[in-house]
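Presented sequentially are two complexes of subunit A, the first with subunit B as partner and the second with subunit C.
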Partner chain A sequence: MKALWRRPEACIGLILVLGAVLMALLAPWIAPYDPLAIDLARKLMPPSAAHWMGTDQNGRDILSRIIWGARPSLTVGVLAVTIGVLGGVAIGLSAGYVRGLWEQAAMRTVDGLASIPMLIWAIAVVGIVGVGPLPIGPWTLPNESKIILLVGILYIPPLARVTYGGALVESNADYVRARRMQGASRLAIMFGDVLPNCLSPVIVQATLLIAVGIVVEASLSFVGLGVEPPNPSWGGMLSDARKYIFSGEWWTYVFPGLAISLSVIGFNLLGDALREFLDPRRAAGISVVA
Partner chain B sequence: MALLEIDDLHIGYPTDNGVVELVRGLSFSVEAGEAVGLVGESGSGKSQTALAILQLLRPPVRILKGAIRFDGRDLATADERTLRQLRGSAISMVFQDALSGLNPAFNIGRQLTDVIMAHRRSSRADALKIAVEALGMVGIREPESRLRQYPHQFSGGMRQRVLIAMAIACRPKLLIADEPTTALDVTVQAQIVELLAGLRERLSLALLFITHNLDLMSQVCGRAVVLYGGMLMEEAPVAALFASPRQPYTRALLRCVPRLSDAPGAINSIEGAPPVAGRLGPGCPFVPRCALQVAQCVERPPERVDASRRVACWRAEG
Partner chain C sequence: MWAIGGRIAGSLATLLAVSIVLFVLVHTIPVSPARVVLGIDASEADIAEFDRDHGLDKPLWQQYAAWIGGVAKGDFGKSVIDETSISRQIADTFPVTFELVLLAFLFALAVAIPLGAISALYGGQTIDHLARIVSVVGVSIPGFWLGLILIAWGAVSLGWFPAGGYVPWRAGALAHLQSLALPAIALGLYYVAIISRMTRSSVADVLLADHVRVSRAMGLSRRRILTYVLKNALPPVVTVSAMSFGYMFGWALIIEQVFNIAGMSRALLSAIFRRDYLMIENVVLVITAVFLAANLIADLLYAWLDPRLSR
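== the complex of A and B ==
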């Protein structure tokens, strides 16, 4: 694992990701102000010792709102990827190992899903069912869960394909034959032997998809279909700051924009570093040099 | 009653133009504790026979006809649960590609104990003891520390030893070794063959040694079954087979074994091309390459039994 952190871009990625995660986890303790507290007497103040990132049009502390805004972004990113990984791995692994009719049905369905553009699909569905909590039988689905579900479903295709590719190769490996000769059941081989050998690219893909989820959440909040105001979100803050682009209050849009960019860059760098670390061909090359 | 009895085994797969038969009416048996060599060139059906014993033929290839009895039990009609219990415990198999026969994701201790625990109700600690013992038996030094290592930390010969350890850990009655040395270099081949011969004696297991290498076979086995084109050509004690082969194919095959006394560069081969499954008539598959052929050879040759030998040839002297 040490070789991974010797690379500078991997360290930067990890620091950025850790920063975003810590903001989200520790928001109640590290945010200096209440992110919802309106103080119209102190609106649109530039960065100062009291407000490091200034205040917005309602006098709310931008730093506090950015810290709290990490929550919806990361929640959507991480939970959507969780859905995508569970669904994608289950479909890809079984299709690649079982083959036959199930393989065709599952992978063609996945191809169909992959043809849906993420943002348009999310905007369309949220636009139709509305941004309010959605009651489904005894449960009510808050808007964020809807977005998580929508994004998560569209995460299934890339993760299913990556798993499927690995499962196809690994299912024909000699150790799978050997395990059959040793009396292992097909189910045990699928989960116990094939799955662990297909996981590396899935981990990489999942890390990169978290970044996509952050962008999708920000975009939806920007057009008003994500986190409902006045609750803080990075996309919503950018949306509020549109009015001030030409009037000089740069802190209203620079800081939320940076929050989005840096967290996305962080996950991308981390994903790339993991890819280099986990890719066996790369790994072989490194060991020859070392 | 023999430990393993194969009776009129036909293996094949259906195509649009009818069934292609890879193994055509093969019968032989292996006694408990006996080492039998199954010899033949590529495509003679020897590996398919091994897979058929474990009921692990890859569809669409399947058993068309015949019986495989192990310990008196018909394996062709056994259910999957019974078969899983037999595989790896009563019947084990070691095969050719030792280099990739181990899962790269787990250390070998985990893989050994998985096999042991699948067949014996034992704790992981007990399984580890059995694993250490098995590794010791196949001649791996410092087995305790080797258990924590991963497959890529082992050489090809060592990996084959680990696979053999996995195969014998549950004390099988029958070990099928399908070209276990093909992927290894010659010096290691000899070690592995020696190891198999030693294990057979120590654990009194029956060994079905599948190979195209007559030399290696003669070092381990007491009896040999020669296959060609999916049919039995000759069966005889190894010494008798080498001394006086009776079937034309066996004779041609033995002439191909290189000897030190041969002139440099001289390598004998059998004239003609090996048979193609599916394009064979009912007669002897060796006919197109046989110098002794007669008109009768287009009919299936009878297997002539003579004391400890069986020969399938119209011309074989009785």
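== the complex of A and C ==
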């Protein structure tokens, strides 16, 4: 593990990811102002000692909104990847280990899912179901939960494929045969021996997919289909800031964009570093296409 | 030959499955088109009449068959909101989006392939490190923010490019290309990163192959060896490029919003905000079809370039 953190890119990646995660977790305590507090007397103020990143068109503190905006971005990225990992590992592992008809059916379904373009379907599903909170039983889920569900399902194919590839190789390995001769049950072998040995590429892929999820959330919020105003989100802040490109209030669109880019760079660098460490055979391979 | 036929049939089957999912999604939403058009106060009789006029009272499978039958003939039907032809809307907006994607794609290829090849040939040197930084930054900057920055720089500060809007071809070739230059860069940079990375790793793999060492030992010229290397490194690059082309259509919709370009995003987003479900359904179907076609072409090109791997 030490060798991993000696690389400068890995350290930068880890610091950026930790920064984003801490912002999201500690938002109520570290944000200097209420992200929703409107103060029209102080609107569009440039960065100053009182407002480090200036204020927006409603006089709201941009730094505070960026800190709170980390929450929806990371929530979408992490929860969508969680759905993708659970579904992908279950399908890939069982298909690679059980084989036969189930293998065919599962992997063809995965191929079908992989042929759905993510962004346009995220736009369409939110558009068809309608923008707004989603009431499920006693809970009211925010609009982003539709994005999480759709993106999560569309994350299943890449994760199922890497798990399946690993499971195929591991199932035929000598140590698995040995375990079988010892009389270990199929389930015990599948989860105890095969699964741990094909997790490395899954971890790498999952880290890179969090980065894609963050960009998808920001893009949807930017076109008004993600986080609903006035709640802070990085994409929504950029959407508000569009008209200030012409009047020169640069802080309104530079800082939220930097927040997205730096957190995405963080997850990408971390994913690359993990790949070089965990999965060196494919170290030079490509990152996730989206 | 059979493999190709099977692959095409598979893509068509997937498209059909996608159309069923879309149809079900659109027809199980709680708000009916009649309510959207006639309002909350409309009586049950008015709703029933509206449904009868638009064929919405027929069994679902008949509605689906009518829709897919029309689509197969290139007729997407009419919007129930304002009676405009959906085919007309798609015909007006699709070429704009297609051209934007094509320009961004050419930009990505023109930058990425030389960049990736050079960084593999000079592995570990300054140019390689620079290319690596470009690829990490390129995959991480969201296209729509890059678009905003490009407008601030290229349109507002320098004034070289228009800040947005689409200038049609007939208004002059230069003005036309100027209006698409910044959007194409904003859309293409992510794929510069993806494709240059793939090119780098593919060329680096080939450079280690035995046949390259043999060619060197035989004393072939550097230039000749280079052409062999590039030729052998091509298949994975072509596949990733073709897939990228499909993905670009999704992101193009966001970029069009930034630059105020009247492409398919206008058709789709305005349909979403007007709750014009049939319009949404058809636009998504068209873009999914393009995406499937790009993936199909990626597979076929790969099989053609590297026959060893076709099953």
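Everything below uses one rule, namely that the second predicted complex is superposed on the first by the 272 of 290 C-alpha atoms of A that agree within 3 Å, B and C clash if a C-alpha of one lies under 4 Å from a C-alpha of the other, contacts with A are read in each partner's own complex, and residues count from 1 in each chain.
As a convention for this text, contacts are C-beta pairs under 8 Å (C-beta built on N, C-alpha and C of every residue); 3 or more make two chains touch, one makes a residue touch a chain.
Quantities reported herein were computed from a predicted structural model and do not represent experimental measurements.
Q: Identify whether subunit B and subunit C fit side by side or clash on subunit A in the overlaid structures.
A: These partners fit in the superposed model.
Q: According to the stated criteria, A:Ile265 is in contact with first (subunit B), second (subunit C), both, or neither; which is it?
A: second
Q: Can A:Leu141 be said to touch subunit B (first), subunit C (second), both, or neither?
A: Neither partner.
Q: With both complexes superposed on chain A, which partner does A:Pro196 reach: first (subunit B), second (subunit C), both or neither?
A: first
Q: May I ask you to decide whether A:Ile15 touches subunit B, subunit C, both, or neither, giving the answer as first, second, both or neither?
A: neither
Q: Of the two partner chains, subunit B (first) and subunit C (second), which one does A:Asp174 touch, if any: first, second, both, or neither?
A: In the superposition, A:Asp174 contacts subunit B only.
Q: Report for A:Gly183: first if it touches subunit B alone, second if subunit C alone, otherwise both or neither.
A: Once the two structures are laid over each other on A, A:Gly183 reaches subunit B alone.
Q: With both complexes superposed on chain A, which partner does A:Val98 reach: first (subunit B), second (subunit C), both or neither?
A: Neither subunit B nor subunit C is touched by A:Val98.
Q: Mind checking the angle subunit B, subunit A, subunit C on Cα centres after superposing, to the nearest 10 degrees?
A: The vertex angle at subunit A equals 100 degrees.
Q: Of the two partners subunit B and subunit C, indicate the one touching more residues belonging to subunit A.
A: Comparing touch counts on subunit A for subunit B and subunit C gives C.
Q: Identify the partner contact of A:Val78: answer first if only subunit B is touched, second if only subunit C is, both if each is, neither if none is.
A: A:Val78 sits against neither subunit B nor subunit C.
Q: In the superposition described above, what is the shortest C-alpha distance between subunit B and subunit C in Å? Please give a whole number.
A: Distance of closest C-alpha approach: 22 Å.
Q: If you look only at subunit C, which of its residues touch subunit A in the complex?
A: Per the touch definition, subunit C meets subunit A at residues 11, 14, 17-18, 22, 25-26, 29, 31, 136-137, 139-142, 144-145, 148-149, 151-152, 156, 163, 193-194, 197-198, 200-201, 204-205, 240, 243-244, 246-247, 249-251, 253-254, 257-258, 265, 268-269, 271-272, 275, 277, 280, 283-284, 287-288, 291-292, 295.
Q: Which of the residues in subunit A end up touching subunit C in this complex?
A: For this pair, the touching residues of subunit A are 9, 111-112, 115-121, 123-130, 211, 215, 218-219, 222-223, 225, 235, 238, 241-242, 245-246, 250, 253-254, 256-257, 260-261, 264-265, 268-269, 272, 284-287, 289-290.
Q: Subunit B touches which residues of subunit A in the complex?
A: Touch list, subunit A to subunit B: 173-175, 177-185, 192-193, 196-197.
Q: So in the complex, the part of subunit B that touches subunit A is made up of which residues?
A: 54, 56, 83-89, 92-93, 95, 97, 99-106, 114-115, 118-119, 163, 166-167
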